[in-house]
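Per-chain numbering from 1; labels A, B, C, D, E, F, G and H assigned in written order.
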Amino acid sequence: MDKACTKADILCLLREVGAGAVTPEEALDRMQALPFSDLGYAKVDYHRAVRQGTGEAVYGQGKTQEQILGILSDMRVNGSRNIIVTRIDQGVADYLLGEGIPLEYHPFPRLGVAMPEAVEKRGSVVVAGAGTSDVAVCEEAALTAEALGNSVTRIYDVGVAGLHRLLSHHDALMKARAVVAVAGMEGALASVIGGLVSCPIVAVPTSVGYGASFGGLSALLTMMNSCANGISVVNIDNGFGAGLIASRINQMGGA
Amino acid sequence: MDKACTKADILCLLREVGAGAVTPEEALDRMQALPFSDLGYAKVDYHRAVRQGTGEAVYGQGKTQEQILGILSDMRVNGSRNIIVTRIDQGVADYLLGEGIPLEYHPFPRLGVAMPEAVEKRGSVVVAGAGTSDVAVCEEAALTAEALGNSVTRIYDVGVAGLHRLLSHHDALMKARAVVAVAGMEGALASVIGGLVSCPIVAVPTSVGYGASFGGLSALLTMMNSCANGISVVNIDNGFGAGLIASRINQMGGA
Amino acid sequence: MDKACTKADILCLLREVGAGAVTPEEALDRMQALPFSDLGYAKVDYHRAVRQGTGEAVYGQGKTQEQILGILSDMRVNGSRNIIVTRIDQGVADYLLGEGIPLEYHPFPRLGVAMPEAVEKRGSVVVAGAGTSDVAVCEEAALTAEALGNSVTRIYDVGVAGLHRLLSHHDALMKARAVVAVAGMEGALASVIGGLVSCPIVAVPTSVGYGASFGGLSALLTMMNSCANGISVVNIDNGFGAGLIASRINQMGGA
Amino acid sequence: MDKACTKADILCLLREVGAGAVTPEEALDRMQALPFSDLGYAKVDYHRAVRQGTGEAVYGQGKTQEQILGILSDMRVNGSRNIIVTRIDQGVADYLLGEGIPLEYHPFPRLGVAMPEAVEKRGSVVVAGAGTSDVAVCEEAALTAEALGNSVTRIYDVGVAGLHRLLSHHDALMKARAVVAVAGMEGALASVIGGLVSCPIVAVPTSVGYGASFGGLSALLTMMNSCANGISVVNIDNGFGAGLIASRINQMGGA
Amino acid sequence: MDKACTKADILCLLREVGAGAVTPEEALDRMQALPFSDLGYAKVDYHRAVRQGTGEAVYGQGKTQEQILGILSDMRVNGSRNIIVTRIDQGVADYLLGEGIPLEYHPFPRLGVAMPEAVEKRGSVVVAGAGTSDVAVCEEAALTAEALGNSVTRIYDVGVAGLHRLLSHHDALMKARAVVAVAGMEGALASVIGGLVSCPIVAVPTSVGYGASFGGLSALLTMMNSCANGISVVNIDNGFGAGLIASRINQMGGA
Amino acid sequence: MDKACTKADILCLLREVGAGAVTPEEALDRMQALPFSDLGYAKVDYHRAVRQGTGEAVYGQGKTQEQILGILSDMRVNGSRNIIVTRIDQGVADYLLGEGIPLEYHPFPRLGVAMPEAVEKRGSVVVAGAGTSDVAVCEEAALTAEALGNSVTRIYDVGVAGLHRLLSHHDALMKARAVVAVAGMEGALASVIGGLVSCPIVAVPTSVGYGASFGGLSALLTMMNSCANGISVVNIDNGFGAGLIASRINQMGGA
Amino acid sequence: MDKACTKADILCLLREVGAGAVTPEEALDRMQALPFSDLGYAKVDYHRAVRQGTGEAVYGQGKTQEQILGILSDMRVNGSRNIIVTRIDQGVADYLLGEGIPLEYHPFPRLGVAMPEAVEKRGSVVVAGAGTSDVAVCEEAALTAEALGNSVTRIYDVGVAGLHRLLSHHDALMKARAVVAVAGMEGALASVIGGLVSCPIVAVPTSVGYGASFGGLSALLTMMNSCANGISVVNIDNGFGAGLIASRINQMGGA
Amino acid sequence: MDKACTKADILCLLREVGAGAVTPEEALDRMQALPFSDLGYAKVDYHRAVRQGTGEAVYGQGKTQEQILGILSDMRVNGSRNIIVTRIDQGVADYLLGEGIPLEYHPFPRLGVAMPEAVEKRGSVVVAGAGTSDVAVCEEAALTAEALGNSVTRIYDVGVAGLHRLLSHHDALMKARAVVAVAGMEGALASVIGGLVSCPIVAVPTSVGYGASFGGLSALLTMMNSCANGISVVNIDNGFGAGLIASRINQMGGA
């Protein structure tokens, strides 16, 4: 019984018991040995893996380059494509390339896409960033969404202290099915966008700032307390998570 | 020029100028007097109002019953239906009913639906709650989503300390287009659901708990740091906000 | 198939399939309908219930007296005895008694034992409290441990500012298989006991204090940072949890 | 030597010594007895008193009505007018009126102006508030500024989730010499105004909100971290302080 | 239509439409392409730029030297002078000088003034600092204010533990139109100055200190809670912001 | 062997063993039964009791009036006089008086002195308070110090925003052997006094204030970070503790 | 009288006094010179030392390699074996080996076992870790428990976002006498295990994570607030402490 | 008029005015030029300087070695001896020695005593430290107290987890006039000593620890909340401040 086993497979096993081909004792053993998801209760996905759409992901931070190579090689064999590898340095990227892993590496957000393959871009995700220092987190979100098959519009450096910059992009905002709003410091960008659009907004506080920004806590609290509707928040600097959620929302709307 | 004025209306106004029907000076005056959204930059919606789908909302806390009556009366005249009124006591509900406002009042989540009207329920939103004490927040989310035209499945008292309770609802979870995960104390429910479903999850920390729960802060941080994918977080006890976001996601999937 | 179903029951079901008494389809239905614990993966226990030893528990806070009555009546029918009901007021206790629930109520820790029955007390648990204001939390721990069948020694008002008071109880401390150390304010009691005994210590910070005690946070941090070995910490004011853990440790040592 | 004694008075005293009219010993005594400000080092003003422009102030919270009456009576005798009395209830206001103190009482911001007198309003202070719940703090700022002789424009309910509401007041904002920006929840109003005006902005976080607003801390941090220029912040709910600072800035620009 | 376009320009455009020189469609296009501030709603200024008085600013932290060079070159072409460049190291300064940017670099506050030009110093701003370790932040404020055309008096090392040092500068304090009070550790300097002067005080907490100073949080809270009047606070170490605000206040008083 | 047993008593017991009057086994029993202080390791004092000088103390908060009566009756029998009873309401005071306990009750600091007796006042303790709202805590410190036999000078309402008020008391400050500095809000009083005197200063933060005073945390941090020498800090609102420490320091200087 | 002196030794000393072999004065001297534990009040163990079972421990962080060598040499002479040395780098390990200390060094958890000796492994301790980044802390716990003579089962990378991975180990979990649950980020692992097992669980929050994980605080709070029973918590990253407590619990159950 | 000018000098100046030797105008000038302390209001001491007893101090952190040399040279000329220089590295010490400053440097607490001179040691100060990692802070306190002329007893590594170690020093503790209690982690040492002695205790939290010690915050809160009497607290790691306060207390008791 391979990994593709599902609820149907259990029925199949039960039938084999009914047919006497498998003893009850052996059936119990095999049921316990099944990955839990085979019972229909859970998915087989690895930690942080994404199996919807066109890609999967490896969270690179805290893993050795050998571990990452091992995981990617395994995924490659299984036919995975457009695997997002987050938070890896150029050195790791070079190592992976040297070991024969096809990889598109983006040094600014420190993100790679392994086994890259053309993927149809659907719908409309907007990634909006408040300041130039937020761009790395923005790119983590944008590249994640693109690897997962979403059409992405980037609107950067549109902090609320210069409203006209944001408002000049209203057409893109109005067409978005999901907006990722990235901001450090006071994090007010999400609220202002929340007053403009009617699609869901995923807010990403960043650790950009100094003093009382407290490593992103200030922006996180701002976004949490937004008086605008439709805003939910992910962890500080978690561009990947926001890009993934925006992808899920956007893909719900079809092509 | 009424409220429905849009970018087309500006073009229309410009044409009137071009046709000499309106002087340039008068046009400038009228453009400044327009609600900003008429320019296409923003929506005319009041604070916390929701104008998509089938309903709007009034945040009751901190408003006098007279103010709420005034707002609802105004909305009623404008033809609004299924207006969600959050965080009002029975006394306020009685006052509104006494003043002739049709109102379905739900005392547990302290929420009313004014000018209620049958609305087609579409798609599938799951509202999952960890403990019995979280039910009020759960209901705020569920009733909000229902008033906005979403089909809602309630899964309550499914805290992670008794996994079987949650897992027995896997069919409902698997069919959901959006899940609202409500939990106080350690707030781990969102993470566990995040490992089971592939749709977006809106997590709501609640102020349920004591001691080191710090009024919901512990649950908020847990949800923020979830190792599962697809989870974003709203403010502590903000069932309304989560219900609204889940509605927006669900409706994106069509009927 | 009743609640007592275990892994053996699944084997039994499989055998019925093998014998043709149950169709595979029906078996699958019945397996999905089983409480998860029946599969051997989890316990059937309710939230906060305790089904080891001699008792179970109901967390009273945030529940209506009708809900508590319902739960206790259900448990009574199922033959449960010595059910600990925490954080209920005298009024609730009176209501339960009036409804015919046998209940030993302790007003100070606001705790009742429903369907009380003599239970053999085994081993040795010490509950030590720093100040007179900590006694309510101490009693929640001590009564919990007693209802679960543990022999309990109470050592109260032994704060570290008067070491001789604590040290005069060294015989009891030395004989303990588990110590519950309850302290608010600076919470140093756990550390001092940690230097005296070699059994596990469960530390309970309390919300007793004022100013920079920050509702128990100060005591929690103190206990967390103890330089003594063998100390682990539960939530602020969580006497029940500490009593339960101490019971589990003590019972491990047999009678 | 009366209170009006200044550096000139010390010279005058020294001259009396030089002239033999005062002994050195007596001069030393008199110098020590002088209020410090008489030496030119400090002002004689009471705590929170304001002696510039046209008014003074009494911080009512934590004072008995008898103490407030005593202070006001004393000030009245000294000829003070338009004394701002903050944070007093209707009961205290009634008591003061009953004791013969002329008082204009404003119940919403719980603020009175004692010994009211017409005062010329100069310049232009804008008080902008994000939500309806912030109006009490707004009014504390606005009434303070008015009692101190400033022309005040109120712009309320202009939270950033509905930009058009704020932007429709741009003329008033552009003419302002000082803006008081009052906001709870996410507190982004100050940043947005900071991108629009070039005068100084005094930001007042309010304790309005729930959950992760943490009693105004979230708004305070947002304002502290504003990416806009020209914003400084006062304590949570400190409308009086902001009104006073705005007055000082506005008056610097002359009539 | 160049950047200098204002409300008059829109009228002008409308008149062209009225005159048939521009079609309505083209006018709509041109209006959308306008920077928002051209409509009178907002300023065209870049993030953190200052376009009042005599200077502008570039926040150097988090920008590459190439980005800074690009921005300065652009500003130079536009005729900007006395541009403040904050938080750049000597290496960046050398690079800019090597690329031909005229730059006065101050290594202690890590601040440069690009395209320096003599500017008339007006009014009176006092920058007061508590300790020798606060001098870098003090200088950021003082140099900012000077570049913006303000006459600045520096009063350093006047912490409240040695009152005589501060009081010996009372003449300068009394003449100030705005005071910047810079202090780390306990941050009490602002309060003491607040009791001495009647002009607005901009308080800057610094990250100077250790232990319970918590990176400036202690000083920030102290200043926020000052019992003196006229004090508002900017972010920790934000000397630039304070200098800018003091400049705006000072310039309001004319030459 | 009574409570007065000391190291000499152990020697005495050993001598009785040596003399055969007491068996070794009985001696061991008696040694274990001794209060620990009898061994010279610790004092017999109750929690928060003070047995130096002329008084003892009962911390009233969290104790029933019956418990307080019991403790005081016991102390009275043992000949204790001038017992400080802190944090009791008028009702408790009336109860104690009704039960025959001689008690001088001070309603403002909610403090009583039981079994009052004239006591010689020695040395010089200054209790300085920043604002009128701090007076209750000041009085707790002052009355404690007086009951313990110290001569106390009260200097109230001398907040740093009006330095002249504080400085006018320099003679008293200069003569002090210990200063208790009480302040809420920004708590800068201790620093300023620290720059004036050379005796030890015990700083008491108070919970007076609002908003970012965070219940006294702001004042606590300020005092902790004081740049002045000679300042140590007690818990928020802990006037009793400060009065006791000041007493111990003052008494060290003799009469 | 050697270190092994106990209560019996005091009796013995008293008997010598009774027999006249020791004078009372000399006996008093000897009693004061005794290590306190000799009196039965406390153990002689060094800070963080463990003298139960089969091992002792040295906390390496903050000690020089010479200090560690000295301590280990001393322990070696005293016959100690299987001494756990925590938080030392490879360099320290090499130094100790070079100085002749037998040492098994584990670089990943930076832990060594000095004077290693085979020890019988008893009972069953499970160490469960949520993510791959938590393995170092897991290993500190597991190696500690093994050195102390416990049979340890490692279950790593079983975070709650993939329940099937954890549930596939239910047999090991069900057999455990104590579980150490190690998790960073949201720390929900302990709660889920708490719903599965009935033995005590020692939860270890780790500093793994970023942003709002706040160095382990988020995981600590989650574990503290667990809705599951039987969970107590140790300090962030304190694998050693958890391993020790689990050992004490496990050993209570005998072989 | 030199620095030694006091109140008597002002009288003297006034007399010169009275005698016509000085004009009133010149007298006013000279009075303003006087250091403030000359008027009796404040001391001339530099920030953190100590001018009582036998020494003065320079806080080295954040000062260049040239600045420190300048200050010490100036002090040397003025005849200062035993000047404590805190927080300087070996390199700075070598520089000072190379420039001819006599300096006793202690590398562990990074503290030097410049212009060292034999000083009579009086009274009794005990410096007690909980762990080996706290010794650097202990030594800063001890060396400070010694340089100021106090007899110091060091009691190190006496953490509360091994009470016997502390209790074996009871004689020294009982004789102390002031105790400095230094502890990181849980900081309970101060409380335990507070139960043993009746002299004032100055508690110093240290930044020793990890995880939930939060850089000393945990120890600080513990000490702040001590249930023992006589304890006041200084900043984290502030050994110098504690040594100074202990000196002031000790010296009050005479030789």
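Keep in mind that, in the parts below, a residue touches a chain if its C-beta (ideal position, glycine included) is under 8 Å from a C-beta of that chain, and two chains touch if they have at least 3 such contacts.
All values reported here derive from a predicted model rather than from experimental measurement.
Peer 1: Where in D-F, B-G or D-H does the A-C interface recur, with over half of the contact pairs identical by residue number?
Peer 2: Match found for A-C within D-F, B-G or D-H: D-H.
Peer 1: With respect to inter-chain C-beta contacts, which pair, D-H or A-D, contains the greater number?
Peer 2: A-D
Peer 1: If you average the Cα atoms of subunit A and of subunit E to get two centres, how far apart are those centres in Å?
Peer 2: Inter-chain centre distance comes to 39 Å.
Peer 1: Counting only Cα atoms for the centres, state how far subunit F is from subunit H in Å.
Peer 2: 25
Peer 1: I'd like to verify one number: the distance from the centre of subunit E to the centre of subunit G, where each centre is the average of its C-alpha atoms, in whole angstrom.
Peer 2: So the centre of subunit E lies 55 Å away from the centre of subunit G.
Peer 1: Residue numbers in subunit B touching 2 or more other chains?
Peer 2: Subunit B, residues with two or more chain partners: 41-43, 45, 47-48, 131, 159, 161-163, 167, 195-196, 211-213, 217, 220, 224-225, 227, 229, 235.
Peer 1: Which subunit F residues qualify as touching subunit G in the complex?
Peer 2: 7, 10-11, 14-15, 17-18, 20, 23-25, 27-28, 31, 40
Peer 1: In the complex of these two chains, what residues of subunit H are touching subunit G?
Peer 2: Residue positions touching the partner: 131-133, 157, 159, 161-165, 167-168, 208, 210-213.
Peer 1: Please output the residues of subunit E touching subunit D within their complex, sorted ascending.
Peer 2: 40-43, 45, 47-52, 167, 170, 174, 177, 195-196, 198-200, 202-203, 220, 224-225, 227, 229-235, 241-242, 244-245, 248-249, 252-254
Peer 1: Which part of subunit F faces subunit E closely enough to touch in the complex?
Peer 2: The touching residues are 130-131, 159-163, 185-188, 191-192, 194-196, 209, 211-214, 217-219, 221-229.
Peer 1: Quick one: in the complex, what on subunit A touches subunit G?
Peer 2: 33, 35-37, 41-48, 61-63, 67, 205, 207, 215-217, 220, 235-238
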